[in-house]
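The following pair of complexes shares a single chain, chain A, combined with chain B in the former and chain C in the latter.
Our next item is the complex of A and B:
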């Protein structure tokens, strides 16, 4: 069954504008929430819905909201994380570009639930067009009296501001984002305290992903109970998946959680199979940070069950034979793809994006990149493979923020599942030097 | 009071105490090494990861172990917490890894470094590091920048602990230096390459755990282990006036703040006391400073030294 929540009505001409969006049922949830529900009732609906954070970690949204300290007397803030910079993930951009009011509607309900009178949308700086679209949408919303003072005569006030990042992936990490929003260097903070206790300007704050917040309007309108029936098990609702790589139909799809991976890859409704009729080699199912899986483990779990697009199924088998749903960046590799080159490319990214605060990540990401650069260029040694595994394992779990883990996991997984490709590179330097896999130029580290 | 047990030794501490502080109260081997934390600098710590420990039991109320190693300098104790430092192989392993990371790009130029003999990194690598390196790549180097005529800055030795930044931020009005760039490319720099000039800038030297910031007026003058430290004080309108004078014979070679056994200065001193008062007559001498943490170098405390075999015949002959 096809189910649209976030991308519902996206095909309607002009849906980007407030007028068309409202003609098609938009902003109904505001009336309902503000006039007929208490903030805590909204929180409870979201809890009942089972909605989990769509930014990558999958933390239950209602639970996160209930940690907010409403008694401290300090102002509370809602922050929307629209920094989307993970390689392979481009779902939030799609949503914001085509149906920005879905987010604003959700944010109004969410801010009301949290008792916040100020909310921010932290947008990735490179999203120039999106920033324009969002500002335009906010202007319309203010004009219609849906934002500002006394929304819909309810006595509730809310202001939403758009804040632009300056090109750092690390500012997508929620505490680095808050630092950046405060005008400081985007270094992640040590946790605890978590943002729900001490967030923006030291006040209780919720940071949620764009897609997470885009679900809230629907949940208010239809009830958490109805939402919880969509999806599978503890993976309720739908998920935006940005599919890319060697497939026939790259793009953004809204799927009901629980869809079999095999159907997602091969059905014409989705990826449409591997491009050029080639054989599938591997998939990274949740953005560059999550482990890569070879075809056999991608389509079926180690137990032989069909692998499903859900938090639980994708992580079944842990990191030995599983991966993660992550942010939904679904990257497909065909039989000709070079895993070594791909791993090198990712490690280059993480090296470039590390904030440099903690020693394992700062030094380790650069070291891994250097070693992978050598291997990819036919200058590797056999012991380099185990060295990489060792470096990765020493970064993992020992850093301030999860970027360290995100840098380590892809390397560990690539070697775990495709060790022979690394060995091939080392044993056949002449062949490797002459093959140009992919289109990326090979540049020395960090450039 | 909260009861906390570290490496099987228990102590009762005030709520709000960190694991590191509790360990220091116990003293001895249970104390994790700390490179970036400094008790006088707010917000410091959490970055270098040398002080990581294992929390085997969270508290009486919630006895579950913590899933990852935690930075002891920034983790507060709970009642009934059980912590493992050197009794946990995982901690020992992780610490070894951190030392390896910190030394990866370090120039290892101790023979020409003024910090040698009182360097936290030297001690750390001696206690927790290995003799060899697995790093075969080219080391990172930085352009030298001149930060004035009082402080010598060696960016290649910097471990990016951020202590000098916090010190400058918290002790002076106009901080002109900070961290530029990010990741492995981050570096300490001044705002458009200007000199660091203010009354308290010299304290950056004392908080720097390595030889990245050293006293330019003492540069290459002497090795610290040839000097005799004496505590002294003077009336000063700007600072506490409590310092340590470093003598060779009758001559004062340098003036520093008083470092405790964890390398921390608790009374910061002004630049006048540090750089301009280098005569005994400027000071009231209190007596020799008790240095509790001798460096491996000045104490000749070498372990596991491989004695070359040629020495043995000589020894035998002598016997």
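Our next item is the complex of A and C:
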């Protein structure tokens, strides 16, 4: 069955405006939450729903909310993470562009549950268009009395502001985001203390992804119990998957968790198969930070069970034969894709984006990039392969924030599953040097 | 050593007269009011976007010192932010900054060739500016639009599903509109307040 929660009604013309959004049932949850529920009741519904963070880590949202320090007497903050910069991920932009009120509705319920009177939406600076759309949407919401003082006569006050970044992947990490929101460089903070105790301006703060918050209105309206029945096992609800790479239908799809990966790749409702009728080679299922899997392990687990789009199934087999759901950035590679070049590309990315605070990450990402560069250019040595494995294993777990791990995992996984491609590059420098990379699509899409 | 230090671009103060118009200053006050008392530094990144847009497309020491004064923070607090974020340019740039996404998903869909083609077409290398100061060409990391790869942005406006024909059209349009002024509602000032 097709289940739509976040993208429900997205096809309706004008749904971006408050008027049309409300005509189609939008903002009902505000009335219900603010007038008939206590903040703790809202938190409990979210706990019951089993909703897990959609930003990448999959931490249970209700539990995160229950950690917020209510005793300190300091103001509490809700911050929405709309930094979306994990390569392969473009779902939040899609949601905000088409149905921004879904986020604002969810944020009002969430802020009420947390007892926050101020909330910020941190949008990456490259999404200038989205910033304009959000500010327009917020203006309408204020005008309708759904934001500001005494919302709906409930006595509850809330202000939401849009804040912008200026180009830095690391600002998606929640503590770097808070630093950036305070007007500083995006250097992640040591944890603990966690943001729920000391976050923005040293006050209790919850940081949630756009998609996570976009679920809250539905949960308030329909109850956590109903939500928990959607999906599979501990992967409740739906997930936005942004599919890209060598497929026929790149785009954003809302799927019920538990959909078989094979169906997602080959069905015309989703990716529509590999472009040009080519063979599938590999997939990175959850954004560039998660391990790449070859076709056989992507479609079936090592035990031979069909692989499903869920937190548990995608990580089955750990990092030896599994991967992660991550942010839902689904990158598909066809038979012609060069895994070595792709791994080099990503390690270049992580080197560029490392904030430089921890030596294993700063030095390790740069070292991996240069080793991969020489392998990719036909100048590698056999021992470079083990060198890469060794560097990656020394970054992992030894850094302030998970960017170090995110840089190490893809390299480890690429070598684990595609070692022969690395060996080929090293053994055949003349062939490698003469490969022409990339093909320019000469006909525009749709023609 | 010290001479080299003083020649660093961050130390080249021209003492030129920079100031926002009263109307922009009003918008900036609105932005500052979004943050709690005493936390006006939070408005730094938004204001730097506006400053860069209003003062010729890049930031220099005079501009940064002016912004520091507006926010009542030290100049170094502005320099360290301006040099951390990739959207702020300390070196002068052309009127149109073309930034081609070079990250994995775009690269496997033709992004690398787009870059090569632009280098040839504009007769400059990545990181350079054309002699007429119209175009700067840069690489950028994933723009969050991988489903419409290959992608590039021109002064933060996205161009998606690129191919040679589209690039030709975009460049021709920008060349013909070298006097082109952005509609007011598309500016950072309007979008942020």
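Following the convention adopted for this analysis, the second predicted complex is superposed on the first by the 438 of 447 C-alpha atoms of A that agree within 3 Å, B and C clash if a C-alpha of one lies under 4 Å from a C-alpha of the other, contacts with A are read in each partner's own complex, and residues count from 1 in each chain.
Operating definition for what follows: a contact is a pair of C-beta atoms (placed from the backbone, for glycine too) under 8 Å apart; a residue touches a chain by one contact, two chains touch by 3 or more.
Note that the structure is predicted; figures quoted are calculated from it, not measured.
Novice: Just checking: does A:357 make contact with chain B only, chain C only, both, or neither of them? Give me first, second, both or neither.
Specialist: first
Novice: Tell me which partner A:124 touches in the superposition: chain B (first), chain C (second), both or neither.
Specialist: In the superposition, A:124 touches chain C alone.
Novice: On the A-aligned overlay, A:366 touches which partner chain: chain B = first, chain C = second, or both, or neither?
Specialist: After superposing on A, A:366 lies in contact with chain B but is clear of chain C.
Novice: According to the stated criteria, A:397 is in contact with first (chain B), second (chain C), both, or neither; which is it?
Specialist: first
Novice: Which partner does A:250 reach: the first (chain B), the second (chain C), both, or neither?
Specialist: Touch partner of A:250: chain C, not chain B.
Novice: Quick one: chain B or chain C, who's touching more of chain A?
Specialist: Partner with more touched residues of chain A: C.
Novice: Identify the partner contact of A:168: answer first if only chain B is touched, second if only chain C is, both if each is, neither if none is.
Specialist: Once the two structures are laid over each other on A, A:168 reaches both partners.
Novice: Touch test for A:327: chain B only (first), chain C only (second), both, or neither?
Specialist: In the superposition, A:327 touches no partner, neither chain B nor chain C.
Novice: What part of chain A is shared between its chain B contacts and its chain C contacts?
Specialist: Common interface on chain A, chain B vs chain C: 168, 185, 352-353.
Novice: Give the list of chain A residues in touch with chain B in this complex.
Specialist: That would be residues 168, 170, 185, 190, 351-367, 370-371, 387, 390, 394, 397-400, 446 of chain A.
Novice: List the residues on chain A that touch chain C in their complex, please.
Specialist: My answer: residues 75, 84-90, 92-93, 118, 124-129, 131-132, 135, 159, 161-169, 180-186, 201, 242-246, 250-252, 288, 329, 331, 333, 337, 341-342, 345-346, 349, 352-353, 437-445.
Novice: Quick check on the complex: what are the chain B residues that touch chain A?
Specialist: Touching chain A: residues 46-49, 52, 68-69, 71, 74, 94, 97-98, 100-102, 104-105, 134-135, 137, 140, 159-160, 162, 178-179, 181-186 of chain B.
Novice: Would you pull the chain C residues touching chain A in the complex into a rising list?
Specialist: Those residues of chain C that touch chain A are 34, 36, 39, 41-46, 48-49, 71, 73, 77, 80-81, 84-88, 102-105, 107-114, 117, 140-149, 153, 156-158, 161, 163-166, 185-186, 188, 190-193.
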